[in-house]
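Please see the structure below; I have some questions.
The letters A, B, C and D name the chains in turn, as written, and every chain counts its residues from 1.
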Amino acid sequence: MKNTAILLIKCPDRPGIVAAISSFLYRHGANIVDLDQHSTEDDPGVYFMRLELQTARLVVPLDTLRRSLGDEVAQPFGMEWSLEAGSDRKRVAVLVSRHDHALMELLWAGKRGELPAHVDLVVANHLDLREQVEAFGVPFHHVPNSREGRAEAEKQILTLLDGKVDLVVLARYMQIVSPEFVARFPNRIINIHHSFLPAFAGADPYRQAWEGGVKIVGATAHYVTADLDAGPIIEQDVGRVSHRHSVEDLKAMGRDLERRVLARAVKWHCENRVIVHENKTVVFV
Amino acid sequence: MKNTAILLIKCPDRPGIVAAISSFLYRHGANIVDLDQHSTEDDPGVYFMRLELQTARLVVPLDTLRRSLGDEVAQPFGMEWSLEAGSDRKRVAVLVSRHDHALMELLWAGKRGELPAHVDLVVANHLDLREQVEAFGVPFHHVPNSREGRAEAEKQILTLLDGKVDLVVLARYMQIVSPEFVARFPNRIINIHHSFLPAFAGADPYRQAWEGGVKIVGATAHYVTADLDAGPIIEQDVGRVSHRHSVEDLKAMGRDLERRVLARAVKWHCENRVIVHENKTVVFV
Amino acid sequence: MKNTAILLIKCPDRPGIVAAISSFLYRHGANIVDLDQHSTEDDPGVYFMRLELQTARLVVPLDTLRRSLGDEVAQPFGMEWSLEAGSDRKRVAVLVSRHDHALMELLWAGKRGELPAHVDLVVANHLDLREQVEAFGVPFHHVPNSREGRAEAEKQILTLLDGKVDLVVLARYMQIVSPEFVARFPNRIINIHHSFLPAFAGADPYRQAWEGGVKIVGATAHYVTADLDAGPIIEQDVGRVSHRHSVEDLKAMGRDLERRVLARAVKWHCENRVIVHENKTVVFV
Amino acid sequence: MKNTAILLIKCPDRPGIVAAISSFLYRHGANIVDLDQHSTEDDPGVYFMRLELQTARLVVPLDTLRRSLGDEVAQPFGMEWSLEAGSDRKRVAVLVSRHDHALMELLWAGKRGELPAHVDLVVANHLDLREQVEAFGVPFHHVPNSREGRAEAEKQILTLLDGKVDLVVLARYMQIVSPEFVARFPNRIINIHHSFLPAFAGADPYRQAWEGGVKIVGATAHYVTADLDAGPIIEQDVGRVSHRHSVEDLKAMGRDLERRVLARAVKWHCENRVIVHENKTVVFV
């Protein structure tokens, strides 16, 4: 990812977008190495693009390119957009409770270089995982939580995070976060839900699944919005079950699904592959 | 399946069930070729068994064996049970509307000998599929239906089916069947629902799925009960989708899922592999 | 697909390709509705592009656009390329022997409008499937084949196909086609192989799989080259098996895999989504 | 698993096996809680059974039951068999080189109680993973290896393992083990191979897969025999790839497949679910 940059675009669809961008980049010495796009079928539609470019032969610094691109292309086309250097690793905070599987997967993937991100801190409302987290050299903050003390706890957490992280991951954080908290990180909080939403929203989804006698269980990673368990879905995966599986078996299988689904969603977000549109996502993979 | 018989059992769990059955069968010259069992974790639990036996060396006719088994084993243990010759092919009626994919799959599987069943008739509330059905040499009955005329239509259908079929399959039959109709075929009506229930129950599930931005769609085969879209699930399957898929794309993918899920469920039912317990199924595959 | 056209490109990678094409199209009133690209990691790399454009507001006829594109863009960049109207349906010939499943799937998909192609004729070295084919209104040609008479049979088949079809599909055609035959349809013959190649090339792959005790079986659709069972792979899929599956069970499962894998590969080819490069494919889906 | 025992059986198929075993167990107060069986289709066939029984109300100690079962049932029927207490956790040694993913998965699963086994020691021919292993409180032994020094290294390893472990797991151990070593642990060495065998046996399978342009990659867990990469397969799994995946991408996806496939195989072995027959496995799950 050295010497590359990622351009993400969302704008009203109209002729000439690709020509305008690609010509601009060509004139500035930015070779396109990957390009993906999508348009909704509405009329007028919405246009989405992800473009990866080489920066080694840029005729201006990346910051200058960004300014010119804004003035000459993004502004005239009414774009929401970002241009980030591929070497920029997103700063991530993980919020957890007692379950370790989803958190460990992220710490591991980070250590192996499979995640273009850096887990800068972990915040937990229980102490159980302190040792495991610190073994990775990552700071662990214990912020107890409760229905009554939630406002105070969130305030503490915000002090730890504000301005310091690009993404908040709820890795089985068993607390409801307030609309005010969510509003501080729009489309920048990812939660892993232990069911294939919209099935089994609410408490104890594996027990609901077992009682419903389904033959498939799943997990869902989504952006957190004020509407609980209903934010834009980034990724889902499922596994087959039978009458032989107990609730405990479903939970064990679910742990494997959850960690993998969450890891993929976090990876894609950190690689700038996800654009939110209304209550859905465009994921360029 | 020639020279075999299938024993299905459901009873209160207690010690000695396997010993009683296997000793009885051994004494009567019935060799066990397949045996599968399951117990619920409740206390007392419920015991389920599927047993496939060879009948070539039976010392008594199958009917006599059935009577003796009833008296000597099934009755003392309080069993719900059945013993069917493997050569018995279930007689199936398929109810359809306009979609052909699920119906064709069943007719085809039957023709290839992949289904231990015989589709004896097709009942449709539209005329579209007459030619395709009759090409398989299967009688096609047109029974128009409407909200007002439902009672009359069901009466006509019952006249066609009663006493003549062992299983009714709703292969995308776009009509609600009445509780009275369902009561005539307890655990003997299989429906294919075009979503991974319990998600997207109700109308137009592919549009619901598309609007919800899910990354996985599915289909569900279940026994029909008085409670719409909530009968015991026999089989489910899913496919991955992305932002690129339109509602039409989901429907096309769904057609492939539906036909395969329904064909598997019907096959398992006809092979006597499914036992219903409360609102769930035990499927011995 | 009305009022659209598909541009496929393969050329040496270098800066400015996207700018050149998109500017050319913009100047001629061709709005881009879909664009996908890929570059190999070699240095210099190879560049691939699939571009879908609207033709409703073209300022020149499509033929004129094609000529200008050739002169102004394709020639300078050294492109192998094609530009086809989205309304063009490829003409397909299917070669079969006795198995009907893969053939029926294509005829069905065609009838439902799921395949942007038209099956113009079926050639078989056995008579078994005549009735089923003619029921779809498709001409059926019986060309017996044998090791000794292969040259003569292929000559007959070529007379039937030459200049009349865009794609030849081997839907479980149990005959070896000669290198001369293959050479007449470069990258335009698709075969379905009943294993997850490169495993179990050669005869009776399901028996090989059963004897090898694998836990997964598969099917592979590939372009046919002079090198038997080794042409560029377009699509593969798999299913799980266990010790309970007999060779016959593997074959039955395989039939389902084969028909779906082949149908996808044919669909993608007919939608101009596949580009062959050396012994591999780029599939833009 | 407290108060349960697992009976595994393999013998020539003949009438009366189930009756003999179940009657024997019933007489001794051993309630059957799970029972699975399989027969090959050969004539005479081979019979396999896995039976889980409750030991709480046994009328004799488990050791006495084992002796009686041997005399009264196993011997007359010519059985290969074992009867193990469910509380017995197998003692496992893991051999590794530098890759940590498969090893970590096992250590983690063990820590969570998902594996009915205890990793007693890790042997590595490199030092890289010492710290990670010891963090789990598991002894780490460094035994350097090389083509010339293999005999000596294996001797050292045997000294560490002999009589002390029930299972040896090769968790990406990049050394060939000798036929003599294998002979010491018949059907008790599990290896994870990084391809869907029999495809891509040999070195660098992900590169082979990439060069072959396959659309699916996989991993295989198998028992190690003298015949390299060809021992009885216990479990396999696969993932989809496209032209976008580099060799490095395949390796990353492969790591996820390998760890999961190996963990499942080890779990099933330790739960006494696997019986080897010739070059294949019967896996009762």
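As a convention for this text, a contact is a pair of C-beta atoms (placed from the backbone, for glycine too) under 8 Å apart; a residue touches a chain by one contact, two chains touch by 3 or more.
Predicted model, so just to flag it, every value in this text is computed and none were measured.
Under the contact definition, chain B and chain C share the contacting chains A, D. Each of A-D and A-C has its own count of C-beta contacts, and the greater count is at A-C.
Chain A and chain B have Cα centroids separated by 42 Å.
Taking each chain's centre as the average of its CA atoms, chain A and chain C sit 37 Å apart.
Multi-chain contact residues of chain A, defined as those touching 2 or more other chains: 38. In terms of inter-chain touching, the protein chains here all touch one another pairwise. Chain A meets chain B in the complex at residues 38, 41, 196-200, 212-216, 218, 232-238, 242-244, 246, 279-283.
Partner chain C is touched in their complex by these residues of chain B: 101, 104, 108, 112, 114, 135, 252, 256, 260. Against chain C, in their complex, chain A makes its touches with residues 15-19, 22-23, 25-26, 29, 31-39.
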